[in-house]
Amino acid sequence: MKLAIAGVGNNISALIQGIAYYGMLDAEALPGVARPVLGGIAVTDIETVAVFDLAPNKVGKKLSDAMFAEPNNYPKLETPGPASDPEVTFGIADPTDRSQIDAVAQVLRDSGAEVFLYSLPTGLPELAAAYGRAAVDAGVAVVNCTPDPIAGLPALFAEAREKNIPMVGDDLQSHIGSSIVHGTVLSLLEERGITLTGSYQLNIGGNADFKNLREHGGNKEASKHRALRQKVGNTDSVTVIPSAGFVAHLHDRKIAHMSVEGRGWAGMPVRLEISLQVQDSSNAAGVIIDLIRIAAIAARRGEGGFPVAATQLLKSPQMLTEWHEQVPSGRAALSALAADHA
Amino acid sequence: MKLAIAGVGNNISALIQGIAYYGMLDAEALPGVARPVLGGIAVTDIETVAVFDLAPNKVGKKLSDAMFAEPNNYPKLETPGPASDPEVTFGIADPTDRSQIDAVAQVLRDSGAEVFLYSLPTGLPELAAAYGRAAVDAGVAVVNCTPDPIAGLPALFAEAREKNIPMVGDDLQSHIGSSIVHGTVLSLLEERGITLTGSYQLNIGGNADFKNLREHGGNKEASKHRALRQKVGNTDSVTVIPSAGFVAHLHDRKIAHMSVEGRGWAGMPVRLEISLQVQDSSNAAGVIIDLIRIAAIAARRGEGGFPVAATQLLKSPQMLTEWHEQVPSGRAALSALAADHA
Amino acid sequence: MKLAIAGVGNNISALIQGIAYYGMLDAEALPGVARPVLGGIAVTDIETVAVFDLAPNKVGKKLSDAMFAEPNNYPKLETPGPASDPEVTFGIADPTDRSQIDAVAQVLRDSGAEVFLYSLPTGLPELAAAYGRAAVDAGVAVVNCTPDPIAGLPALFAEAREKNIPMVGDDLQSHIGSSIVHGTVLSLLEERGITLTGSYQLNIGGNADFKNLREHGGNKEASKHRALRQKVGNTDSVTVIPSAGFVAHLHDRKIAHMSVEGRGWAGMPVRLEISLQVQDSSNAAGVIIDLIRIAAIAARRGEGGFPVAATQLLKSPQMLTEWHEQVPSGRAALSALAADHA
Amino acid sequence: MKLAIAGVGNNISALIQGIAYYGMLDAEALPGVARPVLGGIAVTDIETVAVFDLAPNKVGKKLSDAMFAEPNNYPKLETPGPASDPEVTFGIADPTDRSQIDAVAQVLRDSGAEVFLYSLPTGLPELAAAYGRAAVDAGVAVVNCTPDPIAGLPALFAEAREKNIPMVGDDLQSHIGSSIVHGTVLSLLEERGITLTGSYQLNIGGNADFKNLREHGGNKEASKHRALRQKVGNTDSVTVIPSAGFVAHLHDRKIAHMSVEGRGWAGMPVRLEISLQVQDSSNAAGVIIDLIRIAAIAARRGEGGFPVAATQLLKSPQMLTEWHEQVPSGRAALSALAADHA
């Protein structure tokens, strides 16, 4: 399965190294992989054929070098280099320059890429739109793992659907993150009749995200409250702090401290203290591996637009206005793909 | 609703004090109560009409005194005494002595009790059976919150069903306990594709249970593993220690330390540390309050045998061989009762 | 012992309620009090004779009411009201207005106060200086529990010393806080030969301090690093976040999450996770009670300037350039006072 | 420095692998090593010249193989094999058989060993005594890292001292363990005037020790209480559970959960939760490395009996009746050795 990538950050370092890591193991037991084979495509079947970035310390290097360039700080695993190791190309710098978009589209066509993965830093919506344009022009399926809209651009999405180009996005759900753990525990207490009196969730980490979020965490806080409200009715007494601080020595690790206080029978206290520690970019790559295979399968089947099997793996599955009702059918579609080893 | 009780332990102290506590509050907002009214019966509608025990420091005292006698150590709340405050009667000492059983049955009849709650210490199955016999003879609905079988005695259960006597048991689910929290978190990781590499659950407390369990925890360990296996496929790498130790200063508090270690994408570690603190007997009383109301409603409706609404509140809902399939209908029945304010 | 106070915040609520609380107990066993009697003055010997504030919802009220006015949120304990309960007077609003300073000095003289406690919000250095001026004019001993300098004003301090007025400040050490716990643990690891690889300290709370610190925590962060460096040689890999967030439901509680990671023999990991929970203002009041008694004793003895017994209870004992060398003699002086029951 | 060893358990696996590990690093920065050079002997100067054991799966194998034989479960590090790699000899099986003792003494003499390290499983005091006898006969310095007495045998110790044979024992202090962390925190609270209301310490692990201790933890519990009482006056409200359980997946890791609850000013709660995670055998090997060097230096200097520099590294420094008074001079002696690079 041929993959093109824009943006060589920690998530891509995790993705590429992980594929190499699993290549060293027995395919029957891949720790941390929910679906070793999806629609007939194994984790190790992914081949990178084109890579775009703008950073001077990445462009011109082989992917296997660029993925360790600063500020990337995902651990360097003891794995063989990737089977296919293209050089990083200078991609789109000015999204208003049509010739740059055309150049990327041409590289995509020449590379034979089946799926284009958009993974540049969050907060560059014009760039996201320009890369989406290039992929649709080239007829390549799109996976967008950032919140900057691509699938969420109505005209572009409609065009992709008409031309039978799959479009998977926007923004991925982490493999296991503080929102899902916190929401699950709050929901359990609600179901059991414990009265919530107060709860908090503090997130810290040592990658670039946590520096930015400490200052500009408002949107993220709102988005995390939305995620909790999908699980529990009322989050008034819940404080969520997306970045309680940047802690350099954690590098790409992320730690969440959560506390839940409530009252049980006769008003007696109930107290839950939780800490969660994950490798932030593994948490993303473990979901990206499914999204790109879902996109590839849809492309091979000539199914344009949004593949329902991706529903539960995304934060905002676009074009689905009432998407929560789609989760069960999304889950069924994903299971069917995982069972399909033909 | 008239209640008779055998065994004045911490659970009964929590139940009686809790009813008085809620009597002081506005009925609309009762912290720690999932269902303020169930089948038309409010939490504060419970009236104790008869109490049995054998302990010399409890028999002959008023219930409101006996419930603070050693080894009970549930906190003494600032509440008014119970509205009805019967004296503790000497109950069945020799379960093979038919006259003692008859005497209890006669007290039950005379008291007008609608529900008989069995709450003596665990490990006395003959006594449980004898009290069950007395209740059926008296035509009084039974709730058994211990694992010693009453509803699980086939002949007695069949007789109760025929005579339209409700029988609720055996053994209650805690309001919120380490099994349900641990199982929920393990299940979440399984669902998200994290590979479990090891987990433990350590329980400590300062009441009599924890002293006994430290030495004789084998059955409890097996039962807790069964509870986890209802949530996750495989518990081979999960260590459960029902009593890691007796910690006197905790009194009736219970603390569980849980740890979950797994591997995510590229084999990177995922780690969850959880601690749960509850008031042990509040945890039981918060469920007993529903079980006795469910039994009373069934009795008033003339429905004998097992009331399906109790299914999810019990560890072993007897006579239901495939009871896990009954949980959804049990949940629906319970919701219907909670909505029925007539 | 007669006390005058400027600023009716949570610390004062804790101080006044605590004195009343201990009045209800047997004087031999006062939980949370290191020194029940100091220089012959018992905890319960304190009498408030004058109180200043500016807040419209406090001025004109009795101290016993004002101490519960917003934004104060220290818990309301079940204690009798204070024995002496003066009305809150409007104090100094404009520190450049000499007549306001004189008015405060006159109230101090009239009240018979032996000690003046400065406890207004941090960040008002001119106000601190003006109140210090008033106290020196009135010949009353000063205790400053804020970091805004009073004892740190060289001319004022020199004048106080000459006139035999004690001056205790500036800024108190908490009874038990995250700096001392964190520093103690880091120091233990250093002493045992564990190599520190990274550590963090996150503080959260629900009082006004934590709102301000989240935005303006730079000075506090530096001060906390200084505190750690008194314990360990190198804090380069230690991240300190004075306010990781404002968590409303904690009210006056403060929680610190600390983590210490190191390497032991053969580079194997050593890991310590610590959480500390305290009542923030109790943490201050438990030290204030000693500082005001030390000041009173010095005043009664006619000893002006800085009383060495206060050394270890302050963050910055002013006028002591090499104050760390004074800690042992400070400790000895404090022990002597505690032993002096005459 | 030539070393002979009795008992190839996890501690020895940690010791030997650790020496090889540090051999790969720059000698200036050895993580987890407090004193890279002690009395002129570097960590990497240790050479094993003789090894005794009785286990059929260890005897006859090279040390580098035997140290991974069951039930050993210290991790296998990526290090080169040890420079000197003797075969494991069948040692003393019957401590009453003089010829076996003589045979061991002869091997010790022939090997040129400067130090004999006793490290067989705890609970075999006759075996310890027999090995001690053999070492004294051979004129080799003894280090005993178990609580079974060798230095604590008065006649043998006196003989060693006369013959200028150093004797270091008995039982080592861990590098960093739950007793020292717990004691340090309890002592801090006591010093700050917080009134302790209850505390516990739960230890779990996955090596053979934790299986045995769960059943037979009485002595260990008493010894841990003694350790705490060196730090704090009163441990009545402290519960110590040396083995709260055997948790297989932890292997040689050890985890301690500690909780400290107290009351501060106005009786308000203070709460500390601590968890400590270490590699159990690294914790021992990090101290053994100092003990064997201290013994070698004393031997080279012809100083028999107990070397004061070892005082603070042992649980029971024998022949020192009032040994706590010796800790300062022990510390000074150890510092002097560490500074002596000649």
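Every chain is named by a letter (A, B, C and D) in the order it is written, and numbering of its residues begins at 1.
Rule of thumb we're sticking to: contacts are C-beta pairs under 8 Å (C-beta built on N, C-alpha and C of every residue); 3 or more make two chains touch, one makes a residue touch a chain.
No experiment lies behind these values; they were computed from the predicted model shown.
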**Message:** I need the common contact partners of chain B and chain D, sorted by label.
**Reply:** none
**Request:** For the copies chain A and chain B, give the interface type as same if over half of its residue numbers appear on both sides, and as different if under half do.
**Result:** same
**Item:** Length of the line joining the C-alpha centres of chain A and chain C, rounded to whole Å
**Value:** 48
**Message:** How many angstrom lie between the centres of chain A and chain B, each centre taken as the mean Cα position?
**Reply:** 44
**Request:** Note the residues in chain C that touch 2 or more other chains, in rising order.
**Result:** 197, 273, 275
**Item:** Contact pairs between chains, per stated definition
**Value:** A-B, A-C, B-D, C-D
**Asked** In the complex of these two chains, what residues of chain D are touching chain B?
**Response** 197-200, 202, 204, 237, 239, 241, 244-250, 255, 257, 259, 261, 273, 275
**Asked** Hey, which residues of chain C end up touching chain D in the complex?
**Response** 14, 17-18, 21-22, 31-35, 75, 77, 175-176, 180-181, 184-185, 188-189, 192-195, 197, 262-279, 282-283, 285-286, 289
